[in-house]
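To start, I am sharing the structure in question, which I have written as structure tokens.
A, B, C and D label the chains in the order they appear, each numbered from 1.
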Amino acid sequence: MYSETIELRGHIIDSLILPKVLDQILTHGANFKITEINIGKKRADQSFARLEVSAPTSEALDELILRLRQHGAEVAKRADAQLVKAPADGVFPLDFYVTTNQQTFVRIDGKEIEVHPAMMDSAIALDRKKRIARAVKFFDVCKDDEIVVSHEGIRVVPVQRSTSRTDLFQFINVIIDADEPKSAVIRGLARELQSARAANGKIAIVAGPAIVRTGAGRHLVRLIQSGYVDRLFAGNAFAVYDVERTLFGTSLGLNPDLAFARGGHENHMRAVNAIREAGGIASAVKKKVLTSGIMHACVAHNVDIVLIGSIRDDGPIPGVTTDAIEAQKIMRETLADVSHVLLLATIHHSLAVASMLAPTVKTVCVDIDPSAVEKAVEHQPLQSIGLVTDVEPFLRELADCVVEAESAGSARK
Amino acid sequence: MYSETIELRGHIIDSLILPKVLDQILTHGANFKITEINIGKKRADQSFARLEVSAPTSEALDELILRLRQHGAEVAKRADAQLVKAPADGVFPLDFYVTTNQQTFVRIDGKEIEVHPAMMDSAIALDRKKRIARAVKFFDVCKDDEIVVSHEGIRVVPVQRSTSRTDLFQFINVIIDADEPKSAVIRGLARELQSARAANGKIAIVAGPAIVRTGAGRHLVRLIQSGYVDRLFAGNAFAVYDVERTLFGTSLGLNPDLAFARGGHENHMRAVNAIREAGGIASAVKKKVLTSGIMHACVAHNVDIVLIGSIRDDGPIPGVTTDAIEAQKIMRETLADVSHVLLLATIHHSLAVASMLAPTVKTVCVDIDPSAVEKAVEHQPLQSIGLVTDVEPFLRELADCVVEAESAGSARK
Amino acid sequence: MYSETIELRGHIIDSLILPKVLDQILTHGANFKITEINIGKKRADQSFARLEVSAPTSEALDELILRLRQHGAEVAKRADAQLVKAPADGVFPLDFYVTTNQQTFVRIDGKEIEVHPAMMDSAIALDRKKRIARAVKFFDVCKDDEIVVSHEGIRVVPVQRSTSRTDLFQFINVIIDADEPKSAVIRGLARELQSARAANGKIAIVAGPAIVRTGAGRHLVRLIQSGYVDRLFAGNAFAVYDVERTLFGTSLGLNPDLAFARGGHENHMRAVNAIREAGGIASAVKKKVLTSGIMHACVAHNVDIVLIGSIRDDGPIPGVTTDAIEAQKIMRETLADVSHVLLLATIHHSLAVASMLAPTVKTVCVDIDPSAVEKAVEHQPLQSIGLVTDVEPFLRELADCVVEAESAGSARK
Amino acid sequence: MYSETIELRGHIIDSLILPKVLDQILTHGANFKITEINIGKKRADQSFARLEVSAPTSEALDELILRLRQHGAEVAKRADAQLVKAPADGVFPLDFYVTTNQQTFVRIDGKEIEVHPAMMDSAIALDRKKRIARAVKFFDVCKDDEIVVSHEGIRVVPVQRSTSRTDLFQFINVIIDADEPKSAVIRGLARELQSARAANGKIAIVAGPAIVRTGAGRHLVRLIQSGYVDRLFAGNAFAVYDVERTLFGTSLGLNPDLAFARGGHENHMRAVNAIREAGGIASAVKKKVLTSGIMHACVAHNVDIVLIGSIRDDGPIPGVTTDAIEAQKIMRETLADVSHVLLLATIHHSLAVASMLAPTVKTVCVDIDPSAVEKAVEHQPLQSIGLVTDVEPFLRELADCVVEAESAGSARK
């Protein structure tokens, strides 16, 4: 048997760190012995545990220790990280360490450096002189950059459970199902967003076309007008649906007041054409081609708009980033200072954004498909809420709560 | 090749009768020759077609003709129906004719008798003396009753498309998807229900527990109070959820104002117990044990309540019909004079009710699961609308429309 | 602040008992102080913890303690259970204790008695003389029976995690998604069922109509023939589909070899009629009306068949229990000695059966709908596996594994 | 009232042309009078109908006539198409005609020119000199190109129903649900693909990652080896999953033989890195880095590989087209000569490909999500089959059928 001693620190029981570590050990067919344990007496107290982990082969132990480190375990016998030079531009050395989205430290010359940003599925490049550790994507790496390999010298600090009792996000991967009440959560979310705004938090919305098609656009506009949206991420289709609705009053050619008539794709194409002719969304607002709607509200209220292209797009309209790698870079930059994200009815963009978030970003996902909601919140275990519902009533109720609170607030002054 | 001549009458093209007949012929690997066709010039005009259908074997032709009859084809060479006596109580003769839910006539002594009721998956029992044809279920048949066998002498008259331009239900199996706008349909439905009530139509609601759990109960109560509900079909669980909410303010032990706390099953069980102790819903209302909620509103406004048992029930409370065959009988009787049915968030009961409806009953199905909606509306091809959405906002908006219209109506007086 | 001291024993960390208890405390807005903790050093060792729990009101504390007891907490200050007489037949006293499906003890005269059976959503009736504690349903209770009220004197012992490394069921609510590999689990399940059979375990199948319709019936027959099925639970429709297929070669009138032809309901009705005429499934087998298929195999191999009625049934055929309460009783009895349950493509029956299982019954649920799978396995957190897949290939592969193993086994002899 | 006379030709009843036209007229609140009708007597005969359509406003009539043209109606009073010059590069004139995916003709100087390619959601650019009409996308159009506006002079010829009785694709939007038998369709599909290959048809596969993850890759490899795949469309993730499985034996770090262990993302990232280091898939095959798996089989058997980037990609590997517009061009070119398309478990790519297909391309969609299947086949109403099932057993059975037929074929020789 091969063994290693690991240590755990923090709220290791109620944040599920110790249970997850034990679960990993058992799942990998390994064994453990707890050599020391010291559980915090009160809620706010820290705990500590030291475990001896053993596995039948050295490889199995190594694989297991990697996994335990990702859940916050530290190896007792501290070593420096191992570095290997990148063999070519855009290529990492064999066995490079793959990051999680948790706060991560790397030990060099006996001292730890924090890796920035906290970005998953990257390698860690180290600048020894400047003592800087960067999480880098493939396109970021140049030949001879020093890259961390294996997982020695790595320490991960998982997000711990909030000890505040009033925090909407103090629970573990909460999902409100279709047949459960949502009003209380929506009211709580309105309060959370108000606090966020008061504290200069940045709120991002990732928005799917169903928002426009179901008629929920006007509720999103109210949120924008009240100052609750700092960034908007969407596809070309979302913007075009909004423009079609503003210019022609239709959605896929369908006037929403005619209950059933299935319209055609003509107005959608003409909306693309109109924005191309105007030179883009901002120009269209300036030239008064576009005088209302979500995109207009974004321009009027200085919301940063990130439009992302796809192989299903018509057009696209100017301003859409059609290259996927370029779009990833822009998304990452625009998400860097965000504190709250609402993922609304757009699984593809939601999963992309969710994989780019720092672990402390508070995340709400709304979708009518339960499995979409589940996947979107799984990366933020202690910071996310999912709601399985229609996006239209969600946005209506959220905007009602926010606007009500606003007018109550201004009345008070 | 074996062949037979069939005839079609009515709005055979825009009600899809002729296309469906041709589709069946082709699908069965048979062939056709149109020997006469006379298409109505205007929308309201009737059309006529005579086809010679041929198939490779006599059996294949017979099977095909049966299918074509179900789509409204008449066989040119008219014959009387064949009758065979039931061999025992509860048992039909071999090869008995199985009914559809369409208007059906059976030819005896050269004259046609209409079969009552228009009920699917039944046999036809004939009383020659009284010249009465009844659709009968297995439990209805007695030894020696005369039962129609094969399909000779049967004529089916499918529901034809409404020629009124203002009818919400003039389209073919309309389903509004999750990402489509629903407000216009809900407003149209409110108008339809108003007209129905004005014309003494009977409105039935088939209600699932999600209505209570999502907090939509108060909107259903508003519909009941405004006189828009004549019959309520639900399971034991629905009634118990409503009672739990009224007595304890919880749903599965969960106070809906505490966003996340997962409650227990205790209050659900205590709600059952309270109604058992009171002797049933109506007694509980009389004894002031139950003073608000959906069940209370039903009692107060003389809504007929049909509660159906299931193997998943706790209790049940008194008044629930636990025998499935007995429940079928009660449901059929209570549905007999209904003109409109709303199937709300309860797939099992909805499919049962949908299979018992006469073909002219206007049907609306609301569910968050698209495939549930599809199955629930397929039996009423020209009389149904499906909405894929959360039931809470649907009921909220419908109740708003109805109550608004009511107060506009009373203001006018 | 009101406070109470609780104690936890067993594998309280890796079976998630302590984390769940802390989660409940936090979720209820309460607080805790760990006054003693002793964590088992090795996997097989027991642990112990004593906590002081405090809440703002006496009611909140009481509600919280109830919840903690259900997760296995014992109150340090031990008291006898409180008993109140049932006020009437079929009615429990106010505030009766509602059972979980975990092993439960009740303290009387300073000594604990185990409650039998371990059945959820029941009350506990106590016979002081015989010192017997029974879990009773509403219909079981008679006036003046002594029933446990509140939760004093109750101790619950949750199922703990298996410490065996080779157990397929050692993990927590495992669900294999549609896009994950299933072969390894199916092979593991085949081995598990073999061991079960060797150890005289009883295997129950809960079977939905899709098994017949998709053509998986012959694989289920192979399992029956190999002796891997002791009990079969199904609805009337399942049996009728199987009979239709055996008698007419069709499924809803559809010959599965004609790819697309949509058949009619006639053969389904004739199948019902044939079994009614024969006097039931067993008679039909005896009279050689039924000579193959699943129902035939069950009769031939002495599988106990439990057929359950529903409001959607045609017929039903003789032998179907149409009364829901009667059916619950039969199901409970027939499930009492079962060690393994396979819930196959039938959500309604699966949820009913899942709620009747003792906590140690190993449960596998197969359905193409992920949310059905999730609900079906949630009551057996440490004893269940869910597979999101088509039931036909699942049964095919399972039968292949089992039959292969059988012939390997007999070759060896 | 404004009115216009339209004409319909072909199999206007069994291909649903006349019913759809009447449905559109009624849905738009318009009216009709059939002034002449001549129905083909036999299956292969053509039919003809002339209708006078009237609507309350000129705009409503125009909108209606546009819709009727898309269903194959010709306006009796023939006129030349109207042309307007494009105002700028990449911008169409106002009111440009938006194409469908049906065969389309445009009338110039009294003569009709066919538009190439038959591509939906494009404009029509006309070269008067060369008498060439091209369907053009936004990026294709240059300032002053002559573009068709309004819909005068346009004639659309919808795909008509096959009159062959043995064609698997002779039915209308067939979807085989999860609970329906699939074997007969899969066998039929195997025969269809054999005939296609014999007739030098080109078969394209659009493949999702679930194929690799569920272990279905080896069945896809068998299809490739038997020469049944000419083009493969997939995302970067698909290729990486395949490489990870080949290089490391894992899928998301998970060894499929360890039933439950949830692996990590490391091997996925290392697979990307390995292919980047090798310089791409083809190089990796050449350098023997990649010696088996799907991508290897594609290289070995000269399958054209089209890899498409997305914002969720890691890497990407060399050869992936990351620009969405560039990818659309490549996809359109690579699909131009394809006769059969299999859309397998990848909704995003499937919908993109489906929107690029000529109307005669035979399409099969396999997905476990019914609504994905529905959307993917709706553009090919008379040429598509959908199967709601797990992709692994589908591919296994299809490969079995094909390989069996192959060996039967070679045995016969």
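Here are a few things to note about the model shown:
Please note the rule applied: a contact is a pair of C-beta atoms (placed from the backbone, for glycine too) under 8 Å apart; a residue touches a chain by one contact, two chains touch by 3 or more.
It should be emphasised that the depicted structure is a prediction, and the values quoted were computed from it without experimental measurement.
One rotation lays the C-alpha atoms of chain A on chain B, and its angle is 180 degrees to the nearest 5. With centres computed as the average of Cα coordinates, no chain lies farther from chain A than B.
Comparing chain pairs A-C and A-D, the larger number of C-beta contacts belongs to A-D. Chain geometry summary: the mean Cα position of chain C and that of chain D are 45 Å apart. Averaged C-alpha coordinates put the centre of chain A at 38 Å from the centre of chain C. In terms of their C-alpha centroids, the spacing between chain A and chain D amounts to 33 Å. Of all residues in chain A, those touching 2 or more other chains are 27, 171, 260, listed in ascending order.
Here chain C touches chain B in the complex through residues 27-28, 66-67, 70, 87-88, 90-92, 94-96, 98, 120-121, 138, 260-262, 264-266, 269-270, 272-273, 276-277, 308-316, 322-328, 331, 348-349, 351-352, 355, going by the rule given at the top.
Partner chain A is touched in their complex by these residues of chain B: 168, 171, 174, 178-185, 188, 209-210, 213-215, 251, 254, 256-260, 345, 368, 388-390, 392-393, 396. Residues 13-14, 16, 18-19, 22-23, 26-27, 29, 31-35, 37, 39-43, 49, 161, 165, 170-172, 370-371 of chain D are the ones touching chain B in the complex.
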